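Here the chain labels run A, B and C in written order, and each chain numbers its own residues starting at 1.
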């Protein structure tokens, strides 16, 4: 399943931030989004994940194929690592969480309440959720925040394995993951501020 | 869907989940009523059905701000919205979990607290029946209020202001059933109205709650 | 030429600014003439004496209190369906007007009720419903004020208005059921009341004409206030949008 984005225009708080964005994400491929803070990467990923509607443009192939991970991991501190993962596994209708635990080296932690984990361990738990969703397209927003070098490598390995199985990944990140993939700079797609005289329904 | 219900129940029962807080509040409120209006048995007997209903309503209201806000803060709602579960089901299940952890205990506690308020013997049955029929509506309406205010930092007080007017019909008919039952009057009309409000709220409001939640997630 | 043309904020402001002075003048004229006529040139009512003259304020305010909510419901629906910003802003602009009308109706009612019923307030269904309506206005306005993002606020308040309307109607029915009251039926537009066949609750012709004038005046005042306030809201929105534009450009 490939994700096709055509001429997408997205807005944050009613103000267009990125315009004219087009790309295709084929199975087995990863795409890194780069751009300065506030350039609209998070908005773009949320739009692609279906959390907010775009202003214009088409997105194809994204329905029920995307697993999204944002800045927060959605982890319940009073549930154990296993309980947290099992919950998401059953929401997405998959069975096994052992792969996910293994890929992110969480096996020793699996009976600990998630609230007792360190920030990096929590992040690993959040990322391991992607593996239990069973969905082909991963949409990840700053996945490596608070991860150490070893964990970043662990994450890169998981992404590579996912790509190897015909999955794809769209990642907004500032660091080099060592993946063999294309990089999309969002800077050139910055939306031009609308003309000031044009005073219509949108007030801009 | 079961997974979400089980998770919410488990979260409510674990430390810091807030299970029993509503019940404790209900108890304290009921104790405070005789202390504020006086201990005359006849007076207490006449206001008991209304006090029990009001207490149950306020206990429900106070537990609403954790209903969606916790999932909002830790990002679970974003993830649930992108999961294969329709948001309408998510809010329905959340309301159901709220009812099981808050509404149902209140229904079960009401007869005990009725004794404290000198509730007439005939009233016990109707207090329980009316609360049993009415508290689901309180949970579902409350979920709508929680969905409306989920994105606000200090949403609790505002939510009370929004939800309480919506609670009025349920309160009026529910308390009317209990009041009429307690003095041995015929209860059919308010009982049917109460059941109607509950049924309609359960059937329709989740759509509004889900729509509102989608707007807040944008 | 379609009514939706006025959904363009610029067009809305320029066209309403042209008619507003006339609206202000007409409403002042109607209310002024109606009140003077009503207060000084009509006799006292047989049973109620001079107290009855408060209807010139009470009835128009009460009618507008309810109809403002209906107007907000319609404009909220228009916003949800057609996404015209002016519509949502009109609902926002109308809410405080409706709330004040509800307050006027409640206050004049209390002043009227004191000599007639011997009490400032009774838990009569009509009075209770108005108090409840006031609470709905309060919640609606508070929600608008609480939300930062204008489009989100418009969407959420529209949903609140929609759901609130259903529950307000239910409340009206519920309080009717809960307590039969003292208040007479709304008798202005009931044919029997006007021609005088219903002798119990008729509003006689002497009072009817100045009252109609006052109602027309209040409606004109309402329209003028809402148009004016909508214009203010549009400008506030425009300023907000321009400031956001600056931030993005910077």
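Criterion: contacts are C-beta pairs under 8 Å (C-beta built on N, C-alpha and C of every residue); 3 or more make two chains touch, one makes a residue touch a chain.
Because the structure is a prediction, the values reported are computed rather than measured.
Common neighbours of chain A and chain C under the contact definition above: B.
Every chain gets a centre from its CA atoms, and the centre nearest the mean of all protein CA atoms is that of B. Comparing the CA-atom centres of all chains against that of chain B, the greatest distance is found for A. Remark: chain A and chain C have CA centroids separated by 49 Å (rounded to whole angstrom). Chain B and chain C have CA centres that are 32 Å apart. Annotation: 37 Å between the Cα-based centres of chain A and chain B. Contact of a single residue of chain C with at least two other chains is seen at no position.
For chain B, the set of residues touching two or more other chains reads 218.
By the touch rule above, chain C contacts chain B in their complex via residues 132, 135-136, 138-139, 142-143, 146-147, 152, 155-156, 159-160, 162-164, 167-168, 170-171, 173-175, 177-178. Residues 13-15, 17, 191, 193-194, 196, 199-204 of chain A are the ones that touch chain C when the two sit in their complex. Interface residues of chain B, counted against chain A in their complex, comprise 2-4, 7, 10-11, 14-17, 71, 73-76, 78-85, 217-218.
Residue ranges on chain A touching chain B, taken from their complex, read 46, 49-53, 64, 66-76, 78-79, 83, 86-88, 90-93, 129, 133. Across the complex, chain B meets chain C through its residues 144, 148-149, 151-152, 155, 158, 161-162, 164-166, 168-169, 172-173, 176, 189-190, 193, 197, 205, 208, 211-212, 215-216, 218.
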